[in-house]
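For reference, chains read A, B, C and D in written order, and residue numbers begin at 1 within each chain.
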Amino acid sequence: MSNVFGKLFKLGSWGESHGKAIGAVVDGCPAGLEISEEYIQTFLDRRRPGQSILTTQRKESDAVKILSGVFEGKTTGAPISLIVENTDHHSSDYDHIKDWYRPGHADEAYDSKYGFRDYRGGGRSSARETIARVAAGSIARKFLNEKCGTEFTAKISEMGNIENARKNGDSVGGVISLTIKNPPKNLGEPVFDRAEALLAMAMMSIPAAKGFEIGAGFNAAKMLGSEHNKLGENHAGGVYGGITSGEDIFCKIAFKPTPSISKLQKAKNKNGEIGEISIKGRHDPCVAVRAPVIVESMAALVLMDLWLQNGEFKIGN
Amino acid sequence: MSNVFGKLFKLGSWGESHGKAIGAVVDGCPAGLEISEEYIQTFLDRRRPGQSILTTQRKESDAVKILSGVFEGKTTGAPISLIVENTDHHSSDYDHIKDWYRPGHADEAYDSKYGFRDYRGGGRSSARETIARVAAGSIARKFLNEKCGTEFTAKISEMGNIENARKNGDSVGGVISLTIKNPPKNLGEPVFDRAEALLAMAMMSIPAAKGFEIGAGFNAAKMLGSEHNKLGENHAGGVYGGITSGEDIFCKIAFKPTPSISKLQKAKNKNGEIGEISIKGRHDPCVAVRAPVIVESMAALVLMDLWLQNGEFKIGN
Amino acid sequence: MSNVFGKLFKLGSWGESHGKAIGAVVDGCPAGLEISEEYIQTFLDRRRPGQSILTTQRKESDAVKILSGVFEGKTTGAPISLIVENTDHHSSDYDHIKDWYRPGHADEAYDSKYGFRDYRGGGRSSARETIARVAAGSIARKFLNEKCGTEFTAKISEMGNIENARKNGDSVGGVISLTIKNPPKNLGEPVFDRAEALLAMAMMSIPAAKGFEIGAGFNAAKMLGSEHNKLGENHAGGVYGGITSGEDIFCKIAFKPTPSISKLQKAKNKNGEIGEISIKGRHDPCVAVRAPVIVESMAALVLMDLWLQNGEFKIGN
Amino acid sequence: MSNVFGKLFKLGSWGESHGKAIGAVVDGCPAGLEISEEYIQTFLDRRRPGQSILTTQRKESDAVKILSGVFEGKTTGAPISLIVENTDHHSSDYDHIKDWYRPGHADEAYDSKYGFRDYRGGGRSSARETIARVAAGSIARKFLNEKCGTEFTAKISEMGNIENARKNGDSVGGVISLTIKNPPKNLGEPVFDRAEALLAMAMMSIPAAKGFEIGAGFNAAKMLGSEHNKLGENHAGGVYGGITSGEDIFCKIAFKPTPSISKLQKAKNKNGEIGEISIKGRHDPCVAVRAPVIVESMAALVLMDLWLQNGEFKIGN
């Protein structure tokens, strides 16, 4: 497994859905940034379950604690260890599917790769892991906001009919649109670590993400060069040759429907037999509902890391 | 800049469009693989310019030489240095735009970031850099093919009306569809280095790429969970929880129209003045035309790197 | 800061001497390895303070808890989060030196680099950080022992007269000798990631380490080629061209005297003034006394990481 | 193999002793630095063979060519590709030892690890590979010298009786002392990427290096804390807690005797048989003689990389 994200601003993520806790270790944060548990909590609250009928009814307070790296309210340069305890796990909900691979899930893949599978809520493959991303991202975005006034705003721009799906024990997909206002200029390290490439990587590492586009995206394939190039129209979405121009950055991320549904569906078990299962547990009928803050967080982690790499790119700086 | 791709199977790419040569250094290739200049050449020939009316008329033989890492026809484990000399560069074609930023290009971004811009054909930001990717990718795909029978096939699945655009000195965009048959199973390192995340990163690092999707992609956002999950339909595109299942992998990559067009368009210069320019030089009217072999190569590099990382993921192997 | 060690088997270390806890996140451990808190504790107990008159009288139980990555007694492939709470910190011991830079310590360096210094026991620069290394190393060595029978044994081979130094409120240095029996063969990635280079890096990252040698080491500089080469005498210390031969590996690591001494010494303060200070607190009179298990642990981390990188170095494996 | 050194300022090294060429690709160099082939050549000339009776009589001009990354005499931010052609290789010198493992060499290790061995002069394990390090290091030191006035000076401080050894077809070892004047302050990324740890790694990656020490080094182990700490005496060698203080940095590196000797010695062959061989070819009787410029170069690469990582370590910068 590879659970460290970033080159200079590193997030180490750990913890399972039904384990003792979820945690993040942020390494490489500059010293002197004001950070508090209350501040981080506001972002975790945005992704917290149990807040509306549209999200899972798992009741977690998701209260974050800072264990290191902050002294007298400010970062010290040392790794920032953040922890959120798991309290409301109903592992017994999963007993009935212990031997079944939930369709659309990572169950079979983990079993094949690791010779083992944590059937209690998906273990490490659970979206609960994104707590670490949101906590770490909240630090990155604060830094960028203080330095450059950068703002990250993600919204659901497309979603299936969640009410109809819910009634049938089914789920729907969705699309999240992200706008980054006042991004730092000159970020991105061509030819491989282009800003758009790292944003794509970050977004596609979120559970259930299936597509990414920037600027005009797939529509760009339908345009003429003379249209796409037009000055001031920002069809590129704020990056040129892999480098941010300082213009707003626009991205879209497609999410597949929540794979966990109570509706009866065909599934395979460990012996390769086909049967029908209904997945209990408390699941979001649309993963996109809680995804905006996750998308914003991943974007912040990418820009922060590129920002630190940008130190000295030309003599005379 | 960051011109090294991969963790264990590393491609170091170098060279400018109008410099002396384009090169690739492949580090981490296992010993014992048969490789010849002729073999690599077949892939470079697929991306070579001047082959049809649909591609730039720049006449490059793009003949590759192996400078190290191969002894008596086989790789030795040592870095493989590959070089392609540039011969047909018409740098004078670019004199008229020396002070102008070509719209849709990286000119202004490079100038801003590096305090410098190689106006001769875009320098490092030119798609000519992808020679290095194709040369390196040819080695990766040979390894995977011999070990697992893996095959990479990319095709244009969508393209604007290139003839009409050409007549008007304009350009069009396009979409490339990639199919990977017999991919190795169990590749991908969750939670961050998921197979789909690394594929997205690789594809979005190709010049002019603006969108990426895997499996049902953006359409997944319109599906119901019960539809998307269906056993045997592979809507996921061969990856679950970031790990390959061994099923075929499907991706699509959107490319914007070639930014270099001879049609008159508004542009900015170094002093911030707006004027009109027509870009001479010999350019593809659609970047997607030569992109399939580049897309295949990047996919091969990703899978090869993950394959090497996969050595020992469970005790008892 | 950079608090992540390793490429495939990664240790993320966090925590300050007088903070809430010290922690380690081990990422990349293969699934299926039996690990328990009791097992890890045996190694932490070897580095624990307060055990003899030769070590600091700080009384820490250093009890480790596993927070993730282990299920039903076995590793799952997921990151293993380990935590040791700090209980016996006497931060007030440090009030008297709040504005003084302790000679031989990182105080001034941290202040200069981070604009900040955690005066309570050195914060992150304290040797208490090595708890993370020992905890992580215990996992690596178990893996290598089960796979290859590898054994790591470090001992003090040289030390000043600690009793005389102690009486005078002074401290002494020492040398640790490390023997690795049955190391895996073929480890090391030339030309840069040679086994001896990574061992050197690992050892020199231990607080107070000032020298490293392998095999005949500095004595090799005094030998003739015909002597050094002699078959079967292993003057090389088990590595050739950066690759392990499977023979025993021998290294020595030199440690400077503990910089914290109660004896009056000249020091600088934040304003650049020179004065005299006596350092209270509870300090080892020789850092080497508790270092053997740290040295063993770092060696295990290096070999484990190289072992994972070694997956597929030649076709036909 | 791993032939890329550095995180932000990356050296990719390639080429075999008896292959077509030796090359270096320097990635991450800031734009705007004046660099010429003549400048780089002055450093290569210092390590060039055939210059005195103390070094190998292989006659190589070692003329370097810049293939990319420099435009109108200045770096552009793009990768700098450097190449030195091999001209005077007498591969036939090695025919007689084709099946024998030269004692003290990497022959057996390479054969075991890669299932293959380039018997022509050691292939990749030859010290000829260090051409790439010296060429790349010359760029790093120029940058640091212009920015901070940093100067790197290495000298032989200890060497066996080379004349007597030479007469007997034998070889001797040696010690190189390195002084770095005016190093940048605040370099080093604790807790793992300490300046001294990375210097140790860099030095121990040089062929034949067997020991490294910084400041008082192994002598520190014999000192009292009160001695070692003394203000102004710089026993630490310019680093505290892994961070440079700006004081001069002192290191020593021990080199074993050249393993290639013409004196008859016992050796093993591929079948495990023991015999006696005399190694022909043209070899330095002491590797330390040409090592100073290599040592200086590796130090420059380390500090340059740390310098780029140092961009933004505290808010308010």
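The criterion applied here is as follows: a residue touches a chain if its C-beta (ideal position, glycine included) is under 8 Å from a C-beta of that chain, and two chains touch if they have at least 3 such contacts.
Remember, predicted model here, so these are calculated numbers, not experimental data.
Farthest from subunit B, judged by the mean position of CA atoms in each chain, is C.
Centroid to centroid, with C-alpha atoms defining each point, subunit B and subunit D lie 35 Å apart. Centre-to-centre spacing of subunit C and subunit D amounts to 26 Å, using the average Cα coordinate of each chain. Across the assembly, subunit A contributes 1-4, 13, 31-32, 77, 110, 113-116, 124, 309, 313-314, 316 as residues in contact with two or more other chains. Judged by the touch criterion defined above, the protein chains are all mutually in contact, each touching every other.
Those residues of subunit B that touch subunit A in the complex are listed here as 1-5, 13, 103-106, 108-110, 112-116, 124-125, 129, 158-160, 165, 168, 170-175, 185-186, 188-194, 196-205, 207, 209-218, 220-231, 235-237, 239-245, 252, 254-261, 263, 265-268, 274, 288, 309, 313-314, 316. Put simply, subunit D touches subunit B in their complex at residues 1-4, 10, 12-16, 19-21, 23, 25, 27-28, 31-32, 67-69, 71, 74, 76-81, 83, 110, 113-116, 118, 123-124. On the subunit B side of its complex with subunit C, the touching residues are 7-8, 30-33, 77, 143, 146, 307-317.
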